[in-house]
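Working notes, beginning with the structure itself.
A, B, C and D are the chain letters, set down in written order, and residue numbers restart from 1 in every chain.
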Amino acid sequence: MAQLNMVQAINQALAEEMARDERVVLLGEDIGRDGGVFRVTEGLFERFGAERVIDTPLSESAIVGAAIGMAACGLRPVAEIQFMGFTYSGFEQLVAHAARLRARSRGRFSCPLVLRTPYGGGIKAPELHEESSEALFCQSPGLKVVVPSGPYTAKGLLVAALRDPDPVLFLEPTRLYRMLREEVPEGEYTVELGRARLARAGTQVTVLAWGSMLERALKAVANYDAEVIDLLTLNPFDAETVLGSVMKTGRVVIVHEAAKTAGFGAELAATIAEEAILHLRAPVLRVAAPDVPVPLARLMDHYLPSIEQVRAALDEVLRY
Amino acid sequence: MAQLNMVQAINQALAEEMARDERVVLLGEDIGRDGGVFRVTEGLFERFGAERVIDTPLSESAIVGAAIGMAACGLRPVAEIQFMGFTYSGFEQLVAHAARLRARSRGRFSCPLVLRTPYGGGIKAPELHEESSEALFCQSPGLKVVVPSGPYTAKGLLVAALRDPDPVLFLEPTRLYRMLREEVPEGEYTVELGRARLARAGTQVTVLAWGSMLERALKAVANYDAEVIDLLTLNPFDAETVLGSVMKTGRVVIVHEAAKTAGFGAELAATIAEEAILHLRAPVLRVAAPDVPVPLARLMDHYLPSIEQVRAALDEVLRY
Amino acid sequence: MPEEILASFQVRRLSILDENGHADPELLPGLSDDELLRLYLAMVLARTFDERAVALQREGRLGTYPPIMGQEAAQVGSALALTPADWVFPSFREMGVHLTLGYPAVQLLQYWTGDERGQKTPDHLNIFPFCVAVASQIPQAVGAAFALKNRRDPGAVVVYFGDGATSKGDFHEGFNMAGVFRLPVVFICQNNQWAISVPLKGQTAAQTLAQKAIGYGFEGIQVDGNDVFAVYRATQQALEKARAGVGPTFIECLTYRMADHTTADDAARYRSPEEVALWRARDPILRLERFLAARSLFGEADAAQAREAAGQAVDAAVGAMEALPAPGREEMFDTMLAALGPRQDGQRKGR
Amino acid sequence: MPEEILASFQVRRLSILDENGHADPELLPGLSDDELLRLYLAMVLARTFDERAVALQREGRLGTYPPIMGQEAAQVGSALALTPADWVFPSFREMGVHLTLGYPAVQLLQYWTGDERGQKTPDHLNIFPFCVAVASQIPQAVGAAFALKNRRDPGAVVVYFGDGATSKGDFHEGFNMAGVFRLPVVFICQNNQWAISVPLKGQTAAQTLAQKAIGYGFEGIQVDGNDVFAVYRATQQALEKARAGVGPTFIECLTYRMADHTTADDAARYRSPEEVALWRARDPILRLERFLAARSLFGEADAAQAREAAGQAVDAAVGAMEALPAPGREEMFDTMLAALGPRQDGQRKGR
């Protein structure tokens, strides 16, 4: 078993699934000869050819739209949008079409596509390259939203997404691409969609996080008796695991890098306030970015939730 | 003072502001000669001419994009998107550009545009004509989101929006367009953005609603000692009024017609769970549509929250 | 060195059957008498269905409905050129295509009452659901063409849309992608000259829509959209090109929306009765009747009989539609995902 | 009746100054010697700034940076045709335009360190912020042109974008709208033949980009984008047309991206050194030097001196930029809205 980073793990998942299932095709900007701007698809064009690793024109809406048509016609497209900020121009295709095709056609057509996109801040890139707008996509009931937190979950979740019969948005935390290395088994394994992962056991407070904030949350809790849950799938999210932990600890801190208002943390807090309120001993706190547009590099450290902010929230809920 | 419906009230607001301020121009599909598919702009083309009431090609992204350029260059554009479901193809322009222009240019350029769109269900229209995806837009910190609940608030909020120095998304609850009539003063008045309205005073439970659900919520509470708050502005929302009421009643029911998960109710519940938890006596309940794509007419009654569902939620929180 | 001409382009127009029913013998597709009658009957069926649907809406038995009157030649002529292996991506105004391809009339009616079950295409047909978001079906059709090409499937893809759709970003992105990859797709624009209240010149400054293909590096052609032979011929040639790997074709069918945009619209607010009258004289069914009559394939009695038969078929569909049980609440849940999430599962059960 | 030609179109190409520095005397814009030198110095400044920026990035003193090398003629030639009343909507690769128009170099550098304060255009310039979302500035520019027209403002709008941008929906929607309303806007595409790793033929099947204008009913022209005179002349003529109410023009400047896409890119992965060498020989500065030399306006010493002066100017800007204080946390809040909401207010205060 090799130590891989997330780029390598995702690349391996794609390569293995493409070898296993000839219906799997990739499409996106610069994913072919260039191997993707983060090199995630490196080597796949050479190995599988231009018919299965398709360098598209610069057309996000058509990338998503074409993937829908491919999926409905028997392929298993994996579309890449170069950065999450450019999903906005493919937004209609994703939420009004991909997420609804099965319902609109009453099951005659389905839409098993995966939309991969680098996501999140902290990489010193230009505007719209560091968005973390996952909550936008969690309001589309027909769309799954998945966020790995490391190489192992990245591969396993991606393979599961590729085999899922419905559309999946697969958000790749860019800051982690090459930061973490983990043992990643070669060959097939899946991480089940819709299941959270207990990243650390604890009894006094539950910390909910995903993507690149998981890494930060784990650092923050070092000296606390905190349970850390890695959501992995945001839509549908694993309420059972979340509520089970909250009912045990009675305290919650939610960490996400998107702006606070109407971020996905709101849904988690609301679910807890609805289903577990009698077990709560303290306010449900959200540690999130402030409600400002995602800034450029020189302000990014002020924007992203810090370890200190997480600790301050832990201290606060533990006062109750 | 005349009894107007919401269509008339909005029309009057537009006419008066256009007469007052020649920078105000309207643009959108079929808003000119046809007077808009809901007749909201009726008579304005005849009165103000084709330069100020602009029938555009069928191009939602360009409608929003052009409005940005107009706004930055000294006009006060009011763009209409024919139905909320078609804002998705103008989504990038709205959230990545309109909402950020002031920040990106560090104040050199601003974007005082209003984007009007009919919103919500219950009008027996085709697919994508009955969306209530307000929460999507509440994640854009630079964008205000406003929802009137009747003719009076519609006019006053729209005038306030037209004079606001920053972009405002103005959601018009289609089901109410001709359902309610109210006294609407001629001439200038505003309803302040960012302020909720106490729609009904009460002591035992707080009901939070907006748009067309306000009407339903008011019907539902008839035999309850419930305080009903009409949010009016969703971003930024009036946390002070909401929390004040919740601290008094200790019980909350949130009603919205969007699907439950990650709807705007989540933000309200989360804020309450964060700021008022010690005052809560019962779970924070959300009465919302189920997590399915917005259906067509024949299933719409099953989709929209009903008076009975609101009452069931009231009964439930009152059991605590 | 100074100024030079880099490239030259021409846009052709094809018409075969004129308003008087005279056809150009060289261009007339080689159709048997039976096939000619089939074309005619399909157009009559489309017209009859449409009239009935409008009437039903007026009686409150159908929801808002977008009439196809005047566009029968464009719809039937193109649909009859298709083979079962082909895929169709409609907008929302192609009931004539559906009927010609054998889509059950009862399901069309059902859909226009606001019942999604009407959108469940029978297994033997490759027709995508109606698409109300203008132009958004175009990139999807291009993706389908990608899939057919990738799978060495013998079919081609036909996508329908209106003149208004040509202003949308998705029209552009889809066309451009189809050009780059030379995909087997035929783009059929029913240029009925109005997008609700916006006339063609409010939609584009281009003199024809067909010329838009020049920007994508493939052929665009305008056909007389009220001429069923021209539409049929152009579609068939485009499909052959698509199958032969030559790439996409854009066919602009210049036609006219004789009725209101939908039953919720009042076209009298924005266009003149003279214009409508002009186009009424160019009725695509009328000219086919004249052609058939000149060939002695057809007399007054045949017309009446055709209408009668179509009326009976539509009546039967109306009866069947109205006998259908209302969709139940669980319909919202049962086809939206292969497997519901836990919350949806609870909601389905009423929790 | 049968097939007829409906419309014919031609696409012109303009070039004035060839690689050897020979100019077509009839087309050569009537520029004084001073103006010619100004063109030259502006191009040298752009090149110098660019080289320094790339070097700074390599030293970790600047963030990711998109070089303009090879595109100086397209940028400087078009910018010098502008008047102060005109509005400019750049993409993200127009530093040569900015510098030519007098945008402070220190702010350009500041921006490319990831400091938004660099985007605050000085009050006397009408330059929109850089726009990274490809093509999304195009409809905005069209809206600005609407405003100018509506306000009877004497200015026109110039919007810049790349070849890749021509595939985006916003390119299409913006062009189409500009055509319909005959707006005073000039669309300038720097066709540098690559969009990151995608070559032109992967971007479109059209033989030229200029021909895309045909679909919008206005003029498109290709100019030699490495020929500063052709670019200048075409821009000036287009601006005149715009101001005269004749409507928009699309100018395709055929040029070449001599460097990597950005400092984070490695162009050697996807294009050949031969291709790059070919275009290096067509360097826009080289040919202007030859032209000036032939006119005895210029010698080796002048070149050295120009570069020296430009280098000093850029060095000063680098020094000034590096002396700026880092942006404070409150920068995130202070210009985002005219008035913050209550939650933002609290967040600003660290609550």
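Simple rule for what comes next: a contact is a pair of C-beta atoms (placed from the backbone, for glycine too) under 8 Å apart; a residue touches a chain by one contact, two chains touch by 3 or more.
Here's who's who by UniProt: A, B = 2-oxoisovalerate dehydrogenase subunit beta; C, D = Pyruvate dehydrogenase E1 component subunit alpha.
The shown structure was predicted, so the numbers you read here are calculated from the model rather than taken from an experiment.
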{"item": "Shared chain contacts [chain A and chain C, defined touch]", "value": "B, D"}
{"item": "Chain A and chain D, separation of their C-alpha mean positions in angstrom", "value": "36"}
{"item": "Inter-chain centre distance, chain A versus chain B - centres from mean C-alpha coordinates, in Å", "value": "30"}
{"item": "Separation of chain C from chain D, taking each centre as the mean of its C-alpha atoms, in whole Å", "value": "43"}
{"item": "Contacts with 2+ other chains: residues of chain B", "value": "57, 59, 61-62, 85, 88-89, 92, 96, 100, 103-104, 127-128, 141-142, 235-236, 261, 291-293"}
{"item": "For chain C, residues that touch 2 or more chains besides their own", "value": "116, 133, 136, 167-170, 173, 176-177, 180, 202-204, 336, 341, 343-344"}
{"item": "Graph class of chain-chain contacts, one of line, ring, star, complete, other", "value": "complete"}
{"item": "Partner chain C, residues of chain D touching it in the complex", "value": "1-16, 18, 24, 26-27, 166-173, 176-177, 179-180, 182, 201-208, 210-218, 222, 247"}
{"item": "In the complex with chain B, residue positions of chain C that touch it", "value": "63-64, 92, 113-116, 130, 132-136, 164-165, 167-170, 195-198, 202-204, 264-265, 269-270, 326-327, 329, 331-333, 336, 341, 343-344, 347-348"}
{"item": "Of chain B, residues touching chain D in the complex", "value": "25, 51-52, 54, 56-57, 59, 61-62, 64-75, 77, 89, 92-93, 96-97, 100-110, 141-142, 164-166, 194, 235-236, 239-240"}
{"item": "Contacting residues of chain D [partner chain B, same complex]", "value": "87, 89, 116-117, 119-121, 123, 128-129, 133, 136, 138-148, 150-151, 157, 169-170, 173-174, 176-177, 180-181, 334-338, 341-344"}
{"item": "Chain A residues touching chain B - in the complex, by the definition given at the top", "value": "61, 85, 88-89, 91-92, 95-96, 99-100, 103-104, 127-128, 133, 135-136, 138-139, 141-142, 235-236, 258-259, 261-270, 272-275, 277-278, 280, 282-286, 291-293"}
